[in-house]
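Encoded as structure tokens, here's the structure I'll be asking about.
Per-chain numbering from 1; labels A, B, C and D assigned in written order.
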Amino acid sequence: MENLIALLVAAPLLGAAVLLCGGRRLDAVGHWIGTALASASFVIGAILFADMLGKDEEHRAVGQHLFSWIPVEGFQADIGFQLDQLSMTFVLLITGVGSLIHVYSIGYMEHDERRRRFFGYLNLFLAAMLLLVLADNYLLLYVGWEGVGLASYLLIGFWQHKPSAATAAKKAFLVNRVGDMGLSIAIMLMFTTFGTFAFGPVLEATGETGEGKLTAIGLMLLLAACGKSAQVPLQSWLGDAMEGPTPVSALIHAATMVTAGVYLIVRSGEIFNAAPDAQLVTTVVGAVTLLFGAIVGCAKDDIKKALAGSTMSQIGYMILAAGLGPIGYVFAIMHLVTHGFFKAGLFLGAGSVMHGMNDEVDMRKYGGLRKYMPVTFVTFGLGYLAIIGFPGLSGFFSKDKIIEAAFAKGGTEGWILGGVALLGAAITAFYMTRVMLMTFFGEERWRNQPTPSPAESDVEPAAEHRGTHAEPHPHESPKSMTIPMIVLAFGSVFAGGFFGIGDRFLHWLEPVTEHAHGHSPLSATTVTLSTMVVLVIGVGLAYLQYGRRPVPVVAPRGSLLTRAARRDLLQDDFNHVVLVRGGEHLTRSLVYVDHTLVDGVVNGTAASMGGLSGRLRKLQNGYARSYAVSMFGGAAILIAATLLMRAV
Amino acid sequence: MSATAVHSLWTTAADPIQKIDAPNIEYGQLSPTLIVIGAAVIGILVEAFVPRRSRYYAQIFVSVVALVAAFAAVVALAAGGYGTTKAGIAAMGAVAVDGPALFLQGTILLAGLLGVFTFAERRLDPVAHGNRVDSFAAQASSVPGSDSEKAAVKAGFTTTEVFPLLLFVIGGMLVFPAANDLLTLFIALEVFSLPLYLLCAVARRKRIMSQEAAVKYFLLGAFASAFTLFGIALLYGYAGSVSYATLAQVVDGTIETVNPALVGTMGNDALLLIGAAMIVMGLLFKVGAVPFHMWTPDVYQGAPTPVTGFMASATKVAAFGALLRLLYVVLPGLRWDWRPVMMGVAVVTMLGGAIVAITQTDIKRLLAYSSIAHAGFILAGVIATTPDGVSSVLFYLAAYSFVTIGAFSVVTLVRDAGGEATHLSKWAGLGRRSPLVAAVFAVFLLAFAGIPLTSGFAGKFAVFKAAAEGGAGALVVVGVISSAIAAFFYIRVIVLMFFSEPRPEGPTVAVPSPLTMTAIAVGVAVTLVLGVAPQYFLDLAGQAGVFVR
Amino acid sequence: MNPVNYLYLAALLFTIGATGVLIRRNAIVVFMCIELMLNACNLAFVTFSRMHGNLDGQIIAFFTMVVAAAEVVVGLAIIVSLFRSRHSASVDDASLMKL
Amino acid sequence: MSFPLLTATAALPAIGAIATAAVPAARRTAAKWLALLVSLATLALAVVVLVRFDPDGDRYQLTESHSWIKDFGVRYELGVDGIAVALIALTALLIPFVILAGWHDADPLETHSSRWRPTQGFFALILAVEAMVIISFEATDVFLFYIFFEAMLIPLYFLIGGFGDRAHAGSDEHAAAQRSYAAVKFLLYNLVGGLIMLAAVIGLYVVAGNFSLQEIAEARANGSLDMATNTERWLFLGFFFAFAVKAPLWPLHTWLPNAMGEATAPVAVLITAVVDKVGTFAMLRFCLGLFPEASKWATPAILVLATISIIYGALLAVGQRDIKRLVAYASISHFGFIIMGIFAMTSQGQSGATLYMVNHGISTAALMLVAGFLISRRGSRLIADYGGVQKVAPVLAGTFLIGSLATLSLPGLAPFVSEFLVLVGTFSRYPAIGIIATFGIVLAALYTLVLYQRTMTGPVRPEVSAMPDLRVRELAVIAPLIALLIFLGVYPKPLTDIVNPAVKQTMSDVQKKDPQPEVEAVK
């Protein structure tokens, strides 16, 4: 049975290979092949899942060793897979949501002449992501880790003719590389400490080494997680990543890839458990990002960017939870899964809206769309309710647990973290309500708007053929797009309840991550109630701001905070000034140095040699008598020297 | 010394001279020299009696036959073991017949043979009035540009005297490295110098420069030989004899019977040191070592190129041979005095030659300076003062002389309206116009630069190795540095030939007769053979590495 | 009289000759100075011969004279031809080739 | 005695070179095919070597030994260890692609005179270089190695100076001037390095009395030859200097950008992917093999230089405006990694370095050759002259991207394996240096992706709008290389199996043990 594991990865990989090498003759069927293979790997996942459920808890984890990858004296890297409950959760999420989004893309990319390639990239992503979660050692995980980075690079920059897209893609890859550096250093540390970097041996041996080493490893892993999961300080790429086609944002930058960081931390739980300092830093990062993303989300008028901010903030929750240690791991993963459903749903909804609105992304040019695209409205609405944690829906269960755990951390930390988590919940409610209202309610601001739309400057080809930039005619999207949205909506409604009630998910995952019940200073009910309260506050504020008053088509200047938030709290500007500018100056000056100094020394020697030569040859002045003089002098010196030699 | 002593000397000196018994001459062992000198005399007779038309052929015949025969004699002697076991002194102690002598004589003879070929080349210059002409003046005595000259050209005169002159030069050179007493050394020096001065003066083109070169060479040469002679006088004064054997014993202080009259001078090392220094200076002048090198560029440039080629190779061979013998046979006892001095000379010679060459613009001057640098390299081998040193120098000389003759022969091919186009700028793009010639010249340049797989590298490695083993590691480092500098200008020429666009009015490459072709071909062949498989020749040089005392 | 003094004389003559070579312009004069140096050598030879009481020095002196004569022949030929083509016997005029 | 396989492998291209040069001027195409066939035959021989080589056998196999220059103590001694075999295979593998890629680079222009036969010369020179490189990988006699180490400069010099990149900004005269400057610079740098090495070679002879690698090693082992510490250090420096110039190591690197910029892309590949490997290879075989103590003594300094090379090269690559110069600086950075791996003195480091030599050869070849195709289409080397190529020539852009990804050593492609091994190997002994070097991978991503973005993406520039996509010949060059990159990235075991024993030997040469992990993890 476990020999199927390799197929999980192989199927989409094959798809990628076929689609990318196949050439134009596959254009007609490319999307079908891609979707088929994605679904195939979902089916395999399902089979393995069924098989796993069949076994009792101890024997659920299975592995498959393919071959020895890099055998070098004292250094053993293998290609091998490990499928336990944790991996399985991810496998199902990835292949499931992935397949849905493949289906969705068939419609969404219908008119793009490079659709075949798009599906090739999507398959490549699936393969890499599965490799990431199935690897049985850190080095192989690293391969998947950078593989998803590559896929995301290709997909963000899919519309390469848009400079903005190309830049965004490059930025994403670079920022991720910084994180990857952390991962590779962590692996090296493991190698020098444990002599191996396979999950099993390393995690078992954590006890045998000092806390310092483990803290270092933990922090490096955290760095990697920050890069992949867009956590402060490496979050800056996620917003720009929205340049990619919307299905990509849904799959990679909401549901799956960005959560890889959480997976990494939870997977390395033993290391973090043994390194409290690393854990503390993790929680702090999570908490900060949680607020950061939420605030940014409040200010963005671009629907996708707003959602991106939300994603950041939600992952902040997960990281926070993961940082809490055994009391949080399960909930981190649980929130990860539910978030996968509703956030993917929300993005697909947004995509559907854009689809109907000539790819307009500015929410201020939306409004009152609910009657034009009912399905989108309903599914989006459910996703909305889920994310703000409306009682009974997915978000409610998962997020609530995290807040509880945060308090349960105990001590001042506990209070602070818990407080932040609560605050975050309030802001979440605010900005999501804002999105909801601006898009689906209020007057139809898109009527007789001044065309062309701001999207004119860089038009997606998807829009080119849709041609007309005149007044948009909002319409519901084709089935291929709505059905996945509906499915995801189901997920966002029921997943949480299914997992939460009776701690099903907890028991499922506990054998891998082990779970500890923290002692929260507040009772579960208190927490739930307070959550409800902040929820109401958030929604209320948003309603007052955007529901009651008309939304101006042109964004008002806004408060300092708003303006800062629009610019991602100036983080990009900081990067630009410090890193980009500084880097440019550095390289330019180095080029100068290389040319004048390093090269100059050599050329200088040559030149001076030439000068010396020029001066010496003046002695050769053509006068026989001066030659005679030199001979005479030479003779004199010769004699003198000889005598001198004898003298000394 | 006291008056009585002087009186006694006088009386002894005044004794009635007993009858002189006839000296016994080993004609067989001296045959190479005798053959060449004899041929030279015959050449004179040819000039006197053979009609002008057929002189040219007669002279070539005589010279070639003589040189081949002489070479055969050398080989025979070497085969007869005179280079090793039977090595000895001939002609009443005047001439040594031993390994180094024979090896160098062989080299000189071969160089001379190639020299004759290049001398006899008559296809390069355009035919004048229906007569093929070589590189020598129609009538050396006539004033350049005068009517008499025109008449001579019209009449198709040629200076066939160059062949006997060349033979005299070779004859002198054969004796020079073999000379076993200072007198013979001096005579040989003059015998090969004087005709060489004349040969420099008889160029067909650019005669003024040719004569200027001759004057400079003559005056400075005579000046140098005066020093040598005075040095000889002082050594004679020191040891009371000019024979190497005696000198060596005196210098080592191993002489058994001390003539009481000599006690005074023998104690006086000043005589010895100054004398030695002056003789060495004369030899250094001939090899063109800094600071006695200044004649080299001018003479090399002014002299007819075939002469330059021959001179550049053969003179070095002969002079270094003599230098080796002097230093290794006569002055080994003085090693600790002359080694440091020679090291100094070697260093300035290597660096000086290489550095000044960088900015040269005339190919012949460039090669002149490169020859100076090479003299420095060879000196490094001389300083080793080991048998290895000797053999390495011998090998280097052999390798070097062929490369040099070949290179200068190529120079004679590149011509424009004014004769040979020696200015470097005219060589631009030669590789495009006639790849073969350029490639051949490139091979020679690479050999000069000491690139592996050429004879230049083998030779350089040999001398540096010897020097390093002889404890002169510093010299090796300097040598390496100056080789790097030298590489720069050799490469400059290659760049010029291959990578720069040819000039429209650029020179043409004359198609030579088989004579010059032979010279060049032999040059290339030796260069490559000595580069790839030098072992046999190293063995030869190795066996020849021992001087007879 | 002590023969050593002849040596001093010889050295003196030699130096005078050398100096002449260095300072005089006229090729002929320069050449004569060289001859002077050679003769200085001869003087040295005979003096030493006298001191050592063997005849080698005197024989060498004869050789030297012959060589000197030969040098005269060659030298004058060259110098004269140069003079005829340049109408000047100054060694400094003969400086076409330099650097 | 058996068939002299190694001699044959080196001699075949040499003979081929002569034959190619002899092809008459009119029969240009014949010369090309002849050269290609010869290179393929050589590849076949190299494969035979690969097969005949037994990783677990003696250190040096297929050995040949003949007396050559007795007086210099020089023998004609050939023999290969795993490292040499790998590099010979690399060389023999790349040359056919180089020839194929340079198919039209040396077609004569109208201006050339009829006697000037550039095409024959071009391919003959390439084969000559191959022959010399191969034999210098095989030589186990220091002098023999030195001879070809030096001699190979000459054909390369003519390749650089004589057959420059025709896509040159500026007039022909300017181009020619640039070219010969680059050629001379290349030659002088390496010649000076070589001459300094010559001094050391002579010194070695004075000390050791012969040049045989094995004899000297044995003599040192059984104590019959002990060098004074200072002597050994001086000799080491003499050797290392030459190799560092060839490699090239900062600050001796400045010849490489000029050479690679001015030469045609295939020649650039020849330089950086094949010839420069001789330098790093020689460090491994001669510096460590002959002077273990001195190597250990010099290690800290060399590691610092290597680290500088890594970062410095990468930063300069970021600052370049010329595609080929960019690749050149990238190579400098990579050579920094190789040298670091060699002198980290750990099994992982040295295996990694050896793999790195091979992988870097392949990846640079891929990237540089595609770049060459690109440049030949547009006729410019400036990054700024491109844009939006992927829209008109997707396949070209795709291959270019893969080449770039290989250059930034993306996991799954061959270079990742070697780079990670080098990093781990260095880190385990010198953590600080390892971490600094790790920054190199971020910079690598920067310069490659910036290059890709500026040239391939964005709106299509009018100049490139008519650009044709890769032709069959060009695909035939690139596709195998890419396949190889992927294969060696996923399954490098065949290579490591050959290399590991040799590395073990080298480690024992320098008597170094790998640092042990502080915890012996339960396996």
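We take it that a contact is a pair of C-beta atoms (placed from the backbone, for glycine too) under 8 Å apart; a residue touches a chain by one contact, two chains touch by 3 or more.
Computed from a predicted model, the values in this text were never measured in an experiment.
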Chain labels contacting subunit A and also subunit D: B
Identity of the chain that, by mean CA position, is farthest from subunit B: A
Most central chain, judged by mean C-alpha position against the global CA mean: D
Euclidean distance of C-alpha centroids - subunit B vs subunit D, Å: 46
Chain centre separation (subunit A, subunit B; CA means) in Å: 81
Centre-of-Cα separation between subunit D and subunit C, whole angstrom: 65
Subunit B-subunit C separation of Cα centroids, rounded to whole Å: 24
Subunit D, residues touching no fewer than two other chains: 188
Multi-partner residues of subunit B (each touching 2 or more other chains): 215-216, 219, 223, 227, 297-298, 488
Where subunit A touches two or more other chains, by residue: 606, 617, 620, 622, 624, 628
Contacting chain pairs - touch in the sense defined above: A-B, A-C, A-D, B-C, B-D
Subunit A partner contacts - residues on subunit D that touch it in the complex: 188-189, 250-251, 253-254, 312, 315-316, 318-320, 347-348, 351-352, 388, 390-391, 398, 405, 410-412, 416-417, 420-421, 423-424, 427-428, 431, 434-435, 438-439, 441-442, 445-446, 449-450, 453, 456-460, 490-493, 496-497, 500, 503-504, 507, 514-523
Subunit B-facing residues of subunit A, complex: 606, 609-610, 612-614, 616-617, 619-620, 622, 624, 626-628, 630-631, 633-635, 637-639, 641-643, 645-646
List of subunit B residues in touch with subunit D within their complex: 391, 432-435, 446, 451-453, 457-458, 461-462, 464-465, 468-469, 473, 476-477, 480-481, 483-484, 487-488, 491-492, 495, 498-501, 533-535, 538-539, 542
Subunit C-touching residues of subunit B, taken from the complex the two chains share: 1, 6, 9-10, 12-13, 140-141, 143-145, 183, 186-187, 190, 194-195, 197-198, 201, 207-209, 211-216, 218-219, 222-223, 226-227, 229-230, 232-234, 236-237, 240-242, 259, 261-262, 264-265, 297-298, 301-302
Residue ranges of subunit D touching subunit B (in the complex, touch as defined): 67-72, 112-113, 115-117, 146-148, 150-151, 153-154, 157-158, 161-162, 172-173, 176, 179-180, 183-184, 187-188, 191-192, 195-196, 198-199, 202-203, 205-206
